[in-house]
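These are the structures in question, set out in turn.
Shared between the two complexes below is chain A, which pairs with chain B and chain C, respectively.
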Partner chain A sequence: MTAAAGLRITDLTVTYPGPRTSGFGRRSSITAVDAVSLDVAPDETVALVGESGSGKSTIARAVVGLVAASAGSIDFDGASLLNLRTRDQWARRNIAMIFQDPRSALNPRMSAEASIREAWEAHPDAAPEDVRNDPRRRRAAVVDLLAQVGLDPDVAGKRPTALSGGQCQRVSIARALALSPRLLICDEAVSALDVSVQAQVLQLLVRVRAARSLSMLFITHDLGVVRQVADRVAVMRRGELVENADVRTLFTAPQHDYTKQLLAAAVDLDVRG
Partner chain B sequence: MMSGSQREESRRVSAGTLRVRDLTIVLPGPRGMADVVDGVSFDMVEGRTTGLIGESGSGKSLTAMALVGLIPDTGVVRGQVLLGDEDLLKAGRARMRQVRGAEISVVFQDPSTALNPTMTIGDQVGEILRERGLSRSQARERAADLLDHVGIPDAAARVGAYPHEFSGGMRQRAMIALALAGQPRFILADEPTTALDVTVQARILDLLGRLRDEDHLSMLLVSHDLRVMSHVADDLVVMYAGRVCERGGAKAVLNRPLHPYTDALVRSVPSVHVESAIADPLPGSPANPFDRPAGCPFHPRCPLAEDRCRTEVPALREIVPGRFSACHFAELAERTSDSGAEELR
Partner chain C sequence: MTTTMGLVQSPAPPMAVRTGRTRVRRVLGAIPIMIFGLYVVVGLLGPLFIDYSPVGGDLDDRLLSPGSVLSDGSTAVFGTDALGRDLFGQVIYGARTSLIIGTLVVLISGLVGILVGTAAGYRRGTTDLAASRVIDVLLAFPGILLAIVIAGVFDRSFAIVVVALSVTNWIGFARLSRSMAMTLRERDWVKSATVMGVRRRRIIARHILPFIAGPTLALATTEFAGAILAEASLSFLGLGLPSASVSWGQTIASGKEYLASAWWISAIPGIALALLVICVGFTGDRLTRYFSRKQ
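On to the complex of A and B.
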């Protein structure tokens, strides 16, 4: 069998230590993610939905190594992301994550250009070849990345405090793209943005995903956004994956009671008289 | 000087509606003082929910806070906030403390920071009643009634619980019970469901609607969430860069906006229950009220902008009865309205 391309999560379990029941007692543990299996193919956007505490962000954190898996496996293009010895630059440079609050995700003391260059300096193997070989090319490469996310060259010299929320999120995306990722994880990446700015960033993410044939794991609580950007939807509840279906099927013929509840609770703009 | 009873009398005459007139809030900014809220007028009508909608920098939360005298001391507030004949902007601190809770209560976005973690829920809800002279046990009993009224199950047993023992939705219900304790006629709810999960959100919104009807409250709902607004608001005030750009009946405003900004907002809400493409986004970001563009503040992002919009501030005008728009070209949008919109008016 050939190794599967893209992200493959198999029976992933993540447990956190729970509250100590007594001074001498053993800590109970809380299972945040319980034997979840999920694939994201190249060119595919999979949305992970569920309420707070459902474990959707924990899955994202496990994929990028911010939390440890208690059991199961996470592979990307056939190589494990869990075993530290194989967790080399190759794996790192292929996965980038974009967070909800772009202001706290960017270093407030660094200009947009410095943030992007820092990514190259931290992961020199993942920097584009021309940038790696010729430091003088870096400025042009920064301007090129900013242009790809719809920002003017003069943004390069600005710090996050001088930028709007939408501009900061574009800088975060440019920084993520600087390492030519193959998988982009968006954790509530548009939730903190104004609604008139949200569409800009969604459009940008969809364009970037198509242009670079990325796999995208898109975590959000907004089912309207899910319907616009996702190919497939995985529904999480209390650490378990309760439904996984293509986007049209999930919205038109949900199977699990919890999915039906979520859809029933999600209101649309009501303009009827 | 009016005596206490005279004042009581005059407030009863027309106190069902809170009238905001030409409200202007001046705050210190990076380049000196700036009128971050500029000439805002609207009514909170008795028994109705008024939605105050806007994005960051719109001044919606500041406007709500000004109604209860919670603008920082470094700021200057002008205009009128009329509770009956009384202008609350002229009221002293002692009177405003009385107004808050007894006349106008506030429900904040995040119940976990708005509640005191070291006091039981019952003591917090009952605090204002004890100040009014009820005994501790009477206040506790009334607190249990209020918690029951806002849908907290087994309320009598839970008055002794602390906020951390409640879920997020239950804390927000407790916050609402606390707001109701002083029997106010006006409730200001600032993003009351934003921090909550969608299934909880729906229940809290139902509760607010029920309280408005049962207790005859006037409600001001401050939110950036158009979906929520469309289900809860009776009247809508749309703010941009510290000014009102559109005002009217909520359904009519959302169904047929008379301002290009409202129109863009409505189009940019992704639909859950029907398939929709990502909207053509507006360029740029919401205007900064400390650095408001000249003329119409929306002109740099507006698809209809002409020279006039760059220089001339559009007045908020009544375009059709009950519908106001601050767009030079509002009649254009009005004329293109179909017969369906005609009925909605």
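On to the complex of A and C.
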């Protein structure tokens, strides 16, 4: 096997405790992700699609350590991400995540600047050099990051309640980029936005990904979005990976019945809408 | 899904909408807060204007009705008790005692309660299990009973009263902050801080505690009233403060044999106590409504 660069998920299984069968009975368990293997190479964007409840978000949460894996392994650049206690700051710095709801991902009592600076406070060694050496330069560094995501400098002092959904999501992206991560996980990052804003944020993500040569795991239920961002598509259904193919191959010659259904449904909507 | 927070920025209501009736309601709503403020001022500054000891009295002046002239020529506005002590002085000094005890109990129990509750709600697992069991056990006792037991075992002292009341009062704070921390830890901003590798203490300090603070303040006022009432109860039972200090509970107790002949001994500090507790309660309700609207 070649040296494992990028993200490598092998036979990942995640189970949640289910309802008790009786008052004193054992808890049954629900398998959200069932033996899924998936790689994201450096500089590659993989879209993970599937209907709600298919386990795609659970995979994202397992990669960033928000849920524990029951079996299997997750490695990033050859280092295991699974042991949450020893999971080090290195992984946290190199893997960033963008959440679905642009507003609740930012603390409503903190300004955009404070939210972004928090990343540098958690990882002083990852902050830009001038920020580390001169605290007065912090504001300039924040403004610089905001400019990269297409926001005006005056956004820095504003709280999320004073920003639009699209602006909030851009601040989230700026915060994610603050530590120069190598892998960006977008969990339905544009699903909660208006269609026009959605397109802008999507373009921003594509641009940022190219400029910084990031790996990206893009989770969505929207196949239209997939075509714009992904190199490769993995299709999930009920916790299992049913298809994993090139974007072009998947859209022109889907193999699995479920993928065909998904595509048909998406085309239907396109025609009508 | 959208958040509950400020998605719709409602424009400021036009001034004309404020009719006379709402203005009357606003003024009426402010009265309890003003009375509470008056108590605080009296408790802080009142004793400075009283140049005699509230616990020293002349037996010649015993059981005088409100407004009587004492043997030294001064007037006892609230009358005197069975030992000739001036009730006005006792009420003023009693206000100070009540406020100090209430403040200390709320500070101590609030600190302990928030600490335990937030840790339990945020960390879950065994921490939560242990804290919840302790809370369940303490909840099984009527609060005042536990305070009576603790105050009864030790000698009467100021510190024991504060401890005895704090032991039961922290539970309310712990339950509130536990349930709030449990929902807050599921919010995305907490998760994104976790993913980013922000240290746990910092997450609690920045992303959880600020959101617990408001409702805790509202609860603190209610607990403050409860503590004042409980201290008066302990002192009434003779388990509270040492007899050298002045407490409304003691004053009320000292008048209970004279209810038919000298009603003012029990009635005046009783009214003072009731008015304070009611006003603090109204203030607490208002704060609760304010913070639940803000959420």
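Here is the rule we go by: the second predicted complex is superposed on the first by the 261 of 273 C-alpha atoms of A that agree within 3 Å, B and C clash if a C-alpha of one lies under 4 Å from a C-alpha of the other, contacts with A are read in each partner's own complex, and residues count from 1 in each chain.
Just so we're on the same page, a contact is a pair of C-beta atoms (placed from the backbone, for glycine too) under 8 Å apart; a residue touches a chain by one contact, two chains touch by 3 or more.
Computed from a prediction, not measured in an experiment: that's the story for all the values here.
Participant: Taking the superposition as given, does A:242 touch the first partner, chain B, the second, chain C, both, or neither?
Facilitator: After superposing on A, A:242 lies clear of both chain B and chain C.
Participant: Regarding the shared-chain residue A:227, is it in contact with chain B (first), chain C (second), both, or neither?
Facilitator: The first partner, chain B, only.
Participant: Thinking of the overlay built on chain A, is A:122 touched by chain B (first), by chain C (second), by both, or by neither?
Facilitator: second
Participant: Quick check on the superposed pair: does A:41 touch chain B, chain C, both, or neither? Answer first, second, both or neither.
Facilitator: neither
Participant: Thinking of the overlay built on chain A, is A:82 touched by chain B (first), by chain C (second), by both, or by neither?
Facilitator: neither
Participant: After superposition on the shared chain, which partner residues are touched by A:5: those of chain B (first), chain C (second), both, or neither?
Facilitator: Neither partner.
Participant: Enumerate the contact residues on chain A facing chain B in the complex.
Facilitator: The contact residues of chain A facing chain B are 51-52, 164-167, 194-200, 202-203, 206, 221-225, 227-229, 248, 251, 261-263, 265-273.
Participant: Which bits of chain A are touching chain C when the two form their complex?
Facilitator: Spelled out, the residues of chain A in touch with chain C are 64-66, 89, 92-93, 95-97, 99-101, 103-110, 118-119, 121-123, 160-161, 172, 175, 179, 192.
Participant: Would you tell me which residues of chain B are touching chain A in their complex?
Facilitator: These residues of chain B touch chain A: 55-56, 168, 197-199, 201-202, 224, 226-228, 230-231, 251-252, 254-255, 264-266, 268-283, 285-286, 301, 343-344.
Participant: Across the complex, what residues on chain C touch chain A?
Facilitator: Of all residues in chain C, those touching chain A are 1-3, 5-7, 9, 187-189, 191-199, 202, 206-207, 210-211.
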